[in-house]
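Data first, discussion second: the structure below is written as C-alpha cells.
Letters A, B, C and D mark the chains in the order given here, with residues in each chain numbered from 1 onward.
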Amino acid sequence: MTTTAEPAVIASQPNETGYREYTLGQFHFRRDEYFAYITWPTGSHMMSVDSFLRAMQRDIAWDFFYGTVNFDGVFGTVNHYGKVDIFAGRYNDAYRKAELDYSETVETPLIRETFSSILDDWTNETFDPFASPHETGSAFGIKNGDNSKAVSRERVTAQRMVGLPGDAPLRSDENGYPVNRMLADVDQEEPLVEVEEGFEGEVSSFNLFAYLSRSDVTWNPSVASACKDSLFCPTTEEYILPIIHGNDRVEWFIQLSDEITWEVEDRDTGAVRARVVMKAGDVSAMPADIRHQGYSPKRSMLLVWENANPDLPDLIASGKTPTYPIDF
Amino acid sequence: MTTTAEPAVIASQPNETGYREYTLGQFHFRRDEYFAYITWPTGSHMMSVDSFLRAMQRDIAWDFFYGTVNFDGVFGTVNHYGKVDIFAGRYNDAYRKAELDYSETVETPLIRETFSSILDDWTNETFDPFASPHETGSAFGIKNGDNSKAVSRERVTAQRMVGLPGDAPLRSDENGYPVNRMLADVDQEEPLVEVEEGFEGEVSSFNLFAYLSRSDVTWNPSVASACKDSLFCPTTEEYILPIIHGNDRVEWFIQLSDEITWEVEDRDTGAVRARVVMKAGDVSAMPADIRHQGYSPKRSMLLVWENANPDLPDLIASGKTPTYPIDF
Amino acid sequence: MGVSAIKGKEKSSYVTRFGSLENYEKGGVEIVNDDPRHYAFSNVFEVASNAKPYEKIAVGKNMEYVLEAIRAEGTSEWRTAAHDEFALVMDGEVEITLVKLDQSPLPADAEGSVALAGEPVGRRMGRVVARRGHMTLLPAGAAYRFSAERPGVILQQTIAGPDTQFRWAEIAQSL
Amino acid sequence: MGVSAIKGKEKSSYVTRFGSLENYEKGGVEIVNDDPRHYAFSNVFEVASNAKPYEKIAVGKNMEYVLEAIRAEGTSEWRTAAHDEFALVMDGEVEITLVKLDQSPLPADAEGSVALAGEPVGRRMGRVVARRGHMTLLPAGAAYRFSAERPGVILQQTIAGPDTQFRWAEIAQSL
C-alpha cells in the first residue's frame, strides 16, 4: 500500500485487473472484472461492480445525502453531516443478531476523497454510472480508460432558485444539456416574464419541466428552489434507483410526470412495509423510519422535497418528533 | 385475452411495447422496456426484466429443479414433481406475517408451456438469458425479433454417463460447442481408452473438464453421470446465479475449478445464515432448509451433486430426515 | 451486432404523461405492514378538483414547511410573505403580478403568507405568465396575485400560515 | 463506440485454476447464524494429502450415496460393486483396469463396493488411462483396479460400502 498524491487516500498500485485497491479505516475495497469486494474486521461482502458504482456515484454526488445510503442489504453509509458512518450489516437483522455488524465513523473529507478516488479509478471509459442502462455501456471488464468527466459532474444546488442571476443556470443545447430522448415531447417554451427596472433579480420564472427534460443524469435530486430549509430537489428517474435510501427525517415525493413504484422497507430490518405507486400529481410522504427504492419504467420527473433543518435527525432519533409527518 | 395455438396457454395480443401478456391461474405477467410485472389477487411485483428472464430460463431448463426457485425475494416456484406451486411472498417474512403471501398449484405441463411461451415471447434477438453478461446483449427495450434457438436449448440429461453409445454426446467444435473464452487453457485431450471386443458400451471414459470448457450456458446443472439416484450435475458458472435456489433436500457442491462464493440464507425467511467460499477441490453440503445464490468472478466449473430420490422432500418436510447431511 | 442491437431497441418516440384537472390517474399505497396514513398520500389534481378557487390546501407538511395545492380560477386576493415562496404551475395558465410593498404588514421572521386588505401599496415589480411546468419566485416582501381565465393548479412551496388548510382526513388515503 | 467498448474489455487470456495435491487453496464457511458442521466443508486435496493410498474417505454423503476422496498411489486392490460407479481424476494420472467378473460376489441389490480376494476371474474388458478431469465408468458387475505411478486424487461417485470411511470430525470444518 502506498499513499497517492491525494492526501490521506490509501490506494494500492493497480492489481492484475488494472484497478487500485483502497483502504479506509478498517474497510478494504477491491474490484475485478465483475465484482466489488468489501472486507472489514468481522466479515466480507461481494457486489456486482455495476451496482456498486451506480450506488457510489449517488453517495458521492449527494455528499452522503440525508440519512442512510444502502448500497444493498449489507453495505452503506450514514450521514452525520461532518462525519459519516461506513457500515456493514448494520441494517441487516441477521448480521445484527449475530453481532457481526460493523461500523466506523470517519471525517467527511476523508471518505469523500476516498470514495471519489474509487469511483474514478473503477469507472471505465465505456461506463457512466449516472446514466440509465439504455444510455451507457458495461461497467464490467478489466481497466479500460476512464470517464472522469462523467463521474465528476457537479450536483446542482440552487441558492434561491434556478435561473436567477448568479444562481444555478438554466440548461440548453448550448451549455451541453440536450433534451433527453424519453422527454423529447416536453414543451420547451419559457414563461413570459416582464420585469420592471430594478427588479431584475427578483422577478423570475423558468420552465422547470423543460429544465428537467434536459437532465443528463438519473436518480440525482438537485436543489432547484429553497424556502429557508425547505428544498425542492427535482430529478429525472429511469429504471431502478441504484441505492436503497434510508431516511433520517420525513421526505416527500411529488410525481411530476409519468410513474414510479416505490418499494418501502423498514429502515433497520429491511422487512417490507409498503409499496407506493405514484402517478403524475400524486404526493406521498416517506416516513423517517423506512428505506425505499424506486422503479421507473420510463424516464419520469420526480420532485423530492426535503427539510434540511440540521436538528431533525436528533429530534426524530430521540423520539421528540414522530417518524411520520401528520396525525389524522 | 385469447387462447393461442398452444393448448391452455393464455396469452394476449402484443401490447404497446410489442410483448404478449400472460395469465396462469390468478397470476398475470406483463413486460415493458425495463420491467416484468407480476400481479396476483393480493398484490403485485416488479422485477428488472433482465433478472426475470435469466431466472425464468433456469426454471424452465431445470423443469422446476429440486425445491424452490426464487426469482427474487418475492416471486418463485416450488416443484412437487408433477405439480408446481407458483408463489408470491411465500418465503418473505413480511408478506407472510401480513398474510399477503399467495400461492397456487398448477399441473407441470401447464406451467411448463406457459413459462416457455413467456420466455420465448419476451426474449429479443439480442439477448441470451443463459449467457454471462459479457456474452450477450441487453434484455431491455421494445420487442425486437426473438432468440428461440437460445432459449430452447435442451438440458443435457445423461442416462448413465456422457459419451456412452446412445447417451448424451461429447461436445466439440463440430457439433457447435467451441471452448469458452475463459476456459481456453483447459486441456482438451481425451483419456486413453482400450476396449476389448464386446465391451464397447461399458469401457468408457471422457474428459469432463474439456466437456465443461465447451458449455455454452451458465448456471445450468446438467446430468453427466448417474449412480442410481445419485446424479452428478456439473455446470459452468460466471457472474451471479440468476435465481436463489431453495433446497427441498440436501445438495452438495464440489468446486472443480476457480472460485465461487455462496450467500446462504434461511429458506423460509431469507435471513442470512452463512457465506461459503469454495476454491478448487472444496466440497460443501447445502442443508435442506436454506436457499443460496452464487457469485463466480471468472467462469468456473462446479459439480452439483444431487440425490434424486423422490421420497426425500417428504422425509425432510416431515422431520424424519434431518435438514443437514451428517452428525459429527 | 451493432451497438443498438446490443443495447436493445427503443421506441422512436415517447409520450410524457402529465396530469391535469381534466385527466389524472391516481396511484396509491399498498400496505404490507404499516399504516397508510403515515404516507399522507394524495393527488394535487384531485385536491384542486374539489377545492374552491385559491384555497390553500396542504398536500405536504414537514414541520413548519408546507406544500399547498391551489386551484387557480379567476383572480386571487393579494398576498405577501416575509420569506421567499415558489409557485409551480401544474396545470393551466396563471398570470402572477408582483408589487414591492412599501411596508410589509409582517415582521421579518413571520412564517407563511397573509392576505392583504385591498390593493397593495408599493412599486410594481413585474408580471409573469406561467404555464404547466413553470416555476415562479414569489419574493420575500412582495405582494402577489394570481389570475387564471380557466381553472388551473398551482403547487406552492411555502411555510404554513394562517390560511393554510389541513384537511388530511378528506384528501389523504387512510386505508 | 464499438460493441466491445459497450460490453467492457476482457483479458486476452484467462488462467483456469485447478487444485492438486501439491497446490491447493481452501475456502471455508463464514457463519452468520448456523452451525458450520451442517456444511461438512472439506477439500479433496487436503483429505487425499493426509490419506493412505486407496483409503475411501467420504467427503460427501447424501443418505446412502457418498462421494469418496481417494489417494491414488501405487496399485490398488481389485474391487467390484453391483451398481455403476464413476471415478473422476482430480489430480495425477491413473490407470484403470476392468475385468468382467464371471461371478459377482455380490447380490444384485448390494450397495457400495467390496474388495476381491486376489485376482478377478473373468474376461478382460479393457483399460483406461485417465488424467485430471477425466471421468471413467466403473460398470456394475466389473472388477476394477487403480494404478498410479505418482500420487494422484480420485473423486468417486458411489454408494457407501463396508470400506467407506467416515472421518468428518477430522476432515470437515467444525468452527
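Note that a contact is a pair of C-beta atoms (placed from the backbone, for glycine too) under 8 Å apart; a residue touches a chain by one contact, two chains touch by 3 or more.
For each chain, UniProt lists the protein as follows: C, D = Hydroxyquinol 1,2-dioxygenase.
Since this is a predicted model, take the numbers as computed values, not measurements.
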item	value
Chain D and chain B - chains in contact with each	A, C
Pair exhibiting more inter-chain C-beta contacts, A-C or B-C	A-C
Rounded Å distance between chain A and chain C, as computed from the means of their C-alpha atoms	26
Whole-Å gap separating chain A and chain D, where each centre is the average of the chain's CA atoms	51
CA centroid of chain A to CA centroid of chain B, Å	34
Where chain B touches two or more other chains at once, by residue number	33, 43-44, 94-95, 134, 138, 140-141, 271-273, 275, 298
Set of chain C residues in contact with two or more other chains	1, 6-8, 10, 30-33
Graph class of chain-chain contacts, one of line, ring, star, complete, other	complete
Complex contact set, residues of chain C against chain D	1-3, 6-7
Touching residues on chain B, where the partner in the complex is chain A	32-35, 43-44, 46, 48, 92-95, 133-134, 138, 140-141, 238-240, 261, 265, 271-273, 275, 295, 297-298
Residue numbers on chain A that touch chain C, as the complex places them	133-134, 160-162, 164, 181-187, 189-196, 198-199, 202-210, 213, 224-230, 232, 249-252, 254-259, 264, 271-287, 298-299, 305-307, 309, 312, 321, 323-326, 328
Chain C residues touching chain B - in the complex, by the definition given at the top	1, 5-11, 30-33
Residue ranges of chain B in contact with chain C within the complex	17, 33, 43-44, 94-95, 97-98, 100, 124-127, 137-144
